[in-house]
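In what comes next, chain A is part of two complexes: it sits with chain B in the first one and with chain C in the second one.
For the complex of A and B:
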């Protein structure tokens, strides 16, 4: 999310009869990202955490509001580490998927087919002005069939707006 | 000259959102999802519409989806209409939000989501933002005009109610009004003394009219008086009355009491032994 404030000015020199004035302005971002739904991990098996509804979880959902078409790219990354968890003695294997969910313009339905995926990142070219919802799915599997220790687990999805 | 008038109106305003209107199908009536706005004391105005559905179609197919509402105030027109063109696009979920000025829900006819082309709609979701205003005064008056003196028809309803009251208790909500109405009725009736005075005045007036305001001679019929006196003077009739004689004779004693001893009534004597009884008897002689 961008928010830039520019102050432009022209100041006259202090001479008799001269006066100074200021011209101010601000530029607000034309792309905003909001959390629509906070995801919840389900625990279908002892060694797995998943946000899939079938696994008892809830997918996270973010909304992008864009007022200018073809000026921004949505870059969304599913988590690759826990921000909160009990002490883990083994490796966690992460997986996830980001999908177009809904939009305020019919042409946004093409975002899903046009998306680019690499590693945990997914990029969508925001070619339409309006609001777009994206769903982020996350899965974590622990060690070699080891059970996750009891406790609270949290992970972070990253969603940013990149100016083209 | 300033003339000021005051009126008080109590209303309850609620801003709310409906349930999913398209839950049962792609055609719906707002009367099924909005509060019952047919009541005269209730106004429902719509100022927003949100919808979402998933369009299932092939990318190469042409299709449009239109959400619309008939305008009941202008038959043939639409009060709301929005078309999504899915032609040559992937299917997907669309979500839209509309805000507009408040329009009375009475104008909103049947709503529908219609597809023109190849494709189908899944998971339709249509909700409305509305404002509901309940005029509490009108609501009270709607239930009964007796609810508030400012209700139309209050006076007539109160009059009917009071006239049908026979023996109200003090718990009756209109007991005071009933008492006041009776007092007013009594006040309107002329008092007996006044009636008597009026009647006496009328009699006097009538007598004066008869007299015509003339002398005593006008009041007395002298010829009639003379004839009465003449009749009284007919002494032969009186003589006859005095001359009547009754058949007389001697009436002999027929009751014979044997000479024996008659004892005193002791019970009566005991009764008279009390001073109170004695006094009562004595007093009774003077009471007649």
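For the complex of A and C:
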């Protein structure tokens, strides 16, 4: 009896091939913000701090990954204050620029021309699925050509991904 | 040559991401009368950040009061966390965004740090 059941089972396996194993999955919209490079300030003149390579600094770089097109907007802001600095008695004039740097899809190169800038913010409509890199340049000039006091200076770039 | 190139790529493309899902969360009635809740998921792939704050906003980015067990979440690198956001029924129609923002310790920031924020939208 037991042998018959085993034999029938073996025949059943042989005729169906093997156990069917299903792999399921779904693609839903998602945005990930990566910090690719944290910037470094160079000090080209006594009254200026800059992340430009020409000024001895390193621009910050962030990467946005989106799984579906047209679901998110990237909003990137260069700093307008120091998070760490010595005591400053005068005003600091801030400037900066956020640029499209690279993308995994050729059509992403159009992001630069289509970007919207206001104050310290730059918005990019993420109209393509894939990875996009943006470079953020930051400059700080101390008031009335005064020299920045010696010490450590840190500032924050803000990278936002907002669902449409 | 190829090995050097790959080493350079690996050094400059460390996995350091902030992820919030779903993109479009839905509020459902809570067991408590007059309260609605939405479930979200965080994944911290940022090695330099351990804390994330939650905020809820209307369409004009005004803050809306909410309750969550984790208003400031502590997530180790590569840790996942499911969390709930509870709101009043009276705020249900004006909620537009639920966001999580990285919180940085001053000692952890070098040069220009990157504050990341991801906002899911209520539709």
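Methods note: the second predicted complex is superposed on the first by the 135 of 164 C-alpha atoms of A that agree within 3 Å, B and C clash if a C-alpha of one lies under 4 Å from a C-alpha of the other, contacts with A are read in each partner's own complex, and residues count from 1 in each chain.
The definition used in the following text is that a contact is a pair of C-beta atoms (placed from the backbone, for glycine too) under 8 Å apart; a residue touches a chain by one contact, two chains touch by 3 or more.
All figures in this text were calculated on a predicted structure; none of them were measured in a lab.
Examine A:91 and indicate which partner it touches, taking first as chain B and second as chain C; both and neither are also allowed.
After superposing on A, A:91 lies clear of both chain B and chain C.
Have a look at where A:40 lands relative to chain B and chain C in the superposition and call it first, second, both or neither.
Only chain C; A:40 stays clear of chain B.
May I ask you to decide whether A:147 touches chain B, chain C, both, or neither, giving the answer as first, second, both or neither?
Neither partner.
Considering only the touch criterion stated at the top, classify A:79 as touching first (chain B), second (chain C), both, or neither.
It touches chain C, and chain B stays clear.
If we overlay the two complexes on their shared chain A, which of chain B and chain C does A:29 touch? Say first, second, both or neither.
Second partner only.
So, A:112: does it touch chain B (first), chain C (second), both, or neither?
First partner only, chain B.
Which one hits more chain A residues, chain B or chain C?
For chain A, the partner with the higher number of touched residues is C.
After lining up the shared chain so the two structures overlap, which partner does A:155 touch, if you call chain B first and chain C second: first, second, both or neither?
In the superposed model, A:155 contacts chain C only, not chain B.
Classify the contacts of A:20 with the two partner chains as first (chain B alone), second (chain C alone), both, or neither.
neither
Can you list the residues of chain A that meet both chain B and chain C?
Overlap of chain B and chain C footprints on chain A: empty.
Enumerate the contact residues on chain B facing chain A in the complex.
For this pair, the touching residues of chain B are 52, 55, 84-86, 89-97.
Any idea which chain A residues touch chain B in the complex?
Residues in contact with chain B: 100-110, 112-113, 131, 133.
What residues of chain A sit close enough to touch chain C in their complex?
28-41, 51, 58, 60, 62-63, 65, 71-72, 79, 83-84, 136, 138, 154-164
In their complex, what parts of chain C are in touch with chain A?
Interface residues on the chain C side: 12-13, 15-24, 45-46, 48, 97, 104, 106, 109-121.
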